[in-house]
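Listed next: structures, encoded as structure tokens.
Both complexes shown next keep chain A, but they swap its partner, so chain B is in the first and chain C is in the second.
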Partner chain A sequence: MNKNRPFFHYLTIGAVLLYLLVPLLGTLIYSFSTQWHKTILPEGLTFHWYGELFSDSLFLKAMGRSLILSVGATILSLLIMVPAIFSIVVYAPRLEKFIQALIVLTYAMPGVIIAVGLIRAYSNSGMPMVVVTVGAYFVGILPYMYQGTRNSLRNIQAVSLMEAAEILGASRFTAFLKVILPNIMPGVLVSSLLSFSILFGEFVLVNLLIGGSFETVQVYLYKKLNVSGHIASAIVICYFILISILSSIIVKVTRSRKETL
Partner chain B sequence: MSYVTIENISKAFKGQTVLHDLNLSFKQGEFVTLLGPSGCGKSTLLRILAGLTSPEQGVIKIDGCDVTNVKAKDRQIGMVFQSYALFPNMTVSENIAFGLKMQKIPSETIKQKVARMVALVGLAGKENAYPRELSGGQQQRVALARSIVTEPKVLLLDEPLSALDAQIRKNLQKQLRTIQQELNITTVLVTHDQEEAMAVSDRIYILNEGRIAQSGTPHEIYTKPGSEFVARFIGNYNVLEGSELSIATSEREFSNRLYAIRPEAFSAQYMEDSYTFSGRVNKVMMLGNITRYEFSSNGIVVTAEHLHQSDEDVQEGARKTLYLHKKDVIPLS
Partner chain C sequence: MKKINGMLVASLIPFLFLILLFLFIPLFFMIYGSFQADGGTGFSFKQYQEIFQNEYYRQAFKNSILISLLSSFIATLLAIFATYSITHFSSRIQNRVLIFANLTSNFAGIPLAFAFIVLLGNSGLFTLLFKHFGWETLSSFNVYSWSGLVLIYLYFQLPLAVMLLYPVYQGINKHWKEAASLLGASSTQFWLRIGIPIILPSIAGTFSILFANAMGAYASAYALTGSTYNLVTIRIGALTTGDIFAKPELGSAIAGLLGLTLVVAMLLNEWLTRKVRRDLS
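What follows is the complex of A and B.
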């Protein structure tokens, strides 16, 4: 019985991996194939679609816009949310329940409903919809930033560290800057990367709120789906490589963080 | 003349009073211990002294100045936390230097002071180590060095040794007392460990339910417990009712409700002016250099202790006569 177990485990893991990798492998091969319609394997391999993709200024611009939106919202969140979460966790823990309620709300609202609500609220306000989107993103990544920052603060026993620093003559601002921030940085970095990855792949809000006027990678991909499956596959592969790089950074930072604790 | 005075301090959490109108005073250079069971309010009092918690009423004075409304960072106080609270991103040297940097002291002076502190607490060679690379005892010594390098007016110690094992704790107690005397720094220790309090203090305040149960030198506290609570908390005192003592000694002169008797006050040798307890040894416990045993005299059980000596071997079930000097029967209020 015991001898059969490893085989069963390998079989299960193999089946799961196959289920996950086959579509990706298919997409990868399709992005390199000249034609793949009537045969089991592609008729030929080519870099043509990637060449075409990277020579399209619209794609590069869309990449840039996606980066601006995601990085902008993440940085804004870092600047506002981290000090706010720090203040609440350390000085007013009883307010944490309100933050938690906000987090539940962000999960409870489907993207389409948020988008329609935002359009109704802001379309005639004169505020550029790009700004509204960044604002919506800011709220959307609240759960990730909150969890990461709060857990880091608890891990380092931030309350005791602040008290120790204050007794040694540091102002609250100095104590936060010199003692708390360097120690929660790995956790905050992981949350930021996670938030960035999620925002970079976001489609519903950006398509409904700004769509064609501010084309991001996801909107570009959506349009290309109707033009060429090969190019769409190439976009998906590029996107996947970028997210893989980010994920490996997250794993590396998390590991080094565990080693230091 | 008092160096630190705590006048009429009260504190309540969620309507529950944890400190009742406390008055304490410490002399300069004195090592004072706030001793009491968990929840007696000793840590809250320490935090109020540090400026980390505000009292509902009362005044705190340090070196003649009213510091009740002064922020923690401006009180010139050093504090060692139970959890050490060392800065994980800084080395031993950087941790110790932090307070000096906040005071904007020239870097050359900081280097000298840090080196002196590192040597004082016996951490030479560990200057560039991070807290995670140190043992619990070493971390606690860094915390101590960090808190005294700024030459604070008062050093506060919040159960600093409770997380350490017995041997290291005893070594650090000695080291703590030596450093305190060397620097002549007014020190307030919070602990629930009565042995620790006895070992290091000039004076002990025993707290119970937010009130001072008794204060005095370790000798006074140990030899003259003022109440049942102190007698039970401070050691292995026998606390007996007057009627029980009458039965045990067959004498009728115990009019007080309760009496306390130190277990080591019993002697197997006859003494003048003493009470006699005749009975049987029930249970014997070997505690290294001490033999502790339960002794039943006319059905009343008391605990007695003797220094462990082979010629005074105590056997379970053996009949024995013990003598207790009359002055060692302490009436409790």
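What follows is the complex of A and C.
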């Protein structure tokens, strides 16, 4: 490594990191300050806002609803998407082009667009909009689940593994359950955590499809913005801590896999 | 005759069913709705005509395209330099920076808009600081203005740009640089004649992804001022769910045009990615 790096390199990275860090730091300090309207530094520090937040039953209920939606969609995709991707990669590789086209389509249809179609299709159909939202989430995380599952299947050479298992007398389903699944689990877990953390922060679909009747953490935060800035910043910090924990698990799992390979 | 693969069929049916139900059916309803007159009374091009004739909706497209181009341009430019600088550090530090970029890329929408209100809102931290030092021009900065929105867009574009461009520099082979310098090329000459031509398609591809990302963004602008910004996504949301001004057919048509813009951006990216000369590496 070149030890005498020009100052320029520190400057560019420093500028980017600073820009990304400052809003987070500001929110962090704000969430711990008693009052901060006129002075350049907060008038005092307190845990009060966090206490108030976690004793608000509306917040805890909103948390529960967010978990139901994002965990529900993630589990649904584990049960339905992972086996489907497995079958396509192993038995019908020609269909991978089709999945990739689907992925481009999901990128071209962000929340706002798909919400318009979902409202037109299902708002008077009798299907509960909560179910519709979970369905839309299922479609939305396809790119991440596909990427993770397919890469894991390639890494363990699933096609040869399946052949070996079947020669030894296992049925396709047994082989998938007992041989493939335990081996791709770390990769699938990483994709699931990633999907979950993306869905947990989702606002557009929830707001447009069910916002009024099904208040998730994001909707709760939106309503708190104009009520109490301190509580809103406490929510933002809790949310960021949650994503940080999920991301660090993702990094750990990915790294330990790389070492064993 | 080939035996039907039970595993394949059993796993594909529920998957395709859900995709049909929550991707293709809404897509169909949206496109179908966009070709209906108000209230769904028969086939008509009226909605598309309305978009092109009504100054307000043309302005929404103009605003969305402008803020997307501007934020993508600044983010790509910053990321080109910052990512190049990252490659000069040890792999340990490179990893840390990438993890941080990955982490902050999740920080978007409502929480992000709020963080900027805390910093630059009416009694924001920086606003107070600037007032204290008497810097009038800075303390009168309004986060609810267009420039405030550009700062927020830049925040969620920047980590994405860094993550997309980082692998690009890995593709620049060290030996090419050595070969070029042995043949007498200066560093500037290397970048002008070899480096930049090689990475240019990837940079343009990154730019088109960022552009699509910004065009589809909704939550940050909505969090700042509700429905007052005249952006395409905000208009779609207001037209589809607004109680008084709901015009779902017009909303569908705008959504259709936005979708078309995004498809073009994605295809451009695919085409550019294919232009990257893989035969060299």
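In this section, the second predicted complex is superposed on the first by the 253 of 261 C-alpha atoms of A that agree within 3 Å, B and C clash if a C-alpha of one lies under 4 Å from a C-alpha of the other, contacts with A are read in each partner's own complex, and residues count from 1 in each chain.
Throughout what follows, contacts are C-beta pairs under 8 Å (C-beta built on N, C-alpha and C of every residue); 3 or more make two chains touch, one makes a residue touch a chain.
The model shown is predicted, which means the values in this text are computed figures rather than measured ones.
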Three-chain arrangement built on chain A, chain B and chain C clash or fit: fit
Contacts of A:V104 with chain B and chain C, given as first, second, both or neither: second
Contacts of A:I241 with chain B and chain C, given as first, second, both or neither: neither
Touched chain A residues, chain B compared with chain C: C
Chain B versus chain C as contact partner of A:G26, first or second or both or neither: second
Partner chain(s) touched by A:L60 [first = chain B, second = chain C, both, neither]: neither
First (chain B), second (chain C), both or neither touched by A:L177: neither
Partner chain(s) touched by A:I75 [first = chain B, second = chain C, both, neither]: neither
Which of chain B and chain C A:S160 touches, first, second, both or neither: first
Minimum distance between Cα atoms of chain B and chain C in the superposition (Å): 8
Interface residues, chain C side, partner chain A - complex: 5-8, 11-12, 14-16, 18-19, 21-23, 25-30, 33, 78-79, 81-82, 84-86, 88-90, 97, 99-104, 106-112, 114-119, 123, 125-126, 128-129, 132, 154-155, 158-159, 162, 212, 216-219, 222-223, 233, 236-237, 240-241, 248, 251-252, 255, 258-259, 262-263, 266, 270
Residues of chain A defined as touching chain B within the complex: 156-157, 160-161, 163-171, 174, 178-179, 182-183, 260-261
Residues of chain B that touch chain A when the two form their complex: 50-52, 71-75, 77-79, 81, 83, 85-89, 98-99, 102-103, 132, 146-147, 150
In the complex with chain C, residue positions of chain A that touch it: 1-2, 5, 8-10, 12-13, 15-17, 19-20, 22-24, 26-27, 29-30, 36-40, 76, 80-81, 83-84, 86-88, 91-92, 102, 104-122, 132, 135-136, 138-139, 142, 172-173, 176, 197-198, 201, 203-204, 207-208, 218, 221-222, 225, 229, 232-233, 235-236, 239-240, 243-244, 247, 251
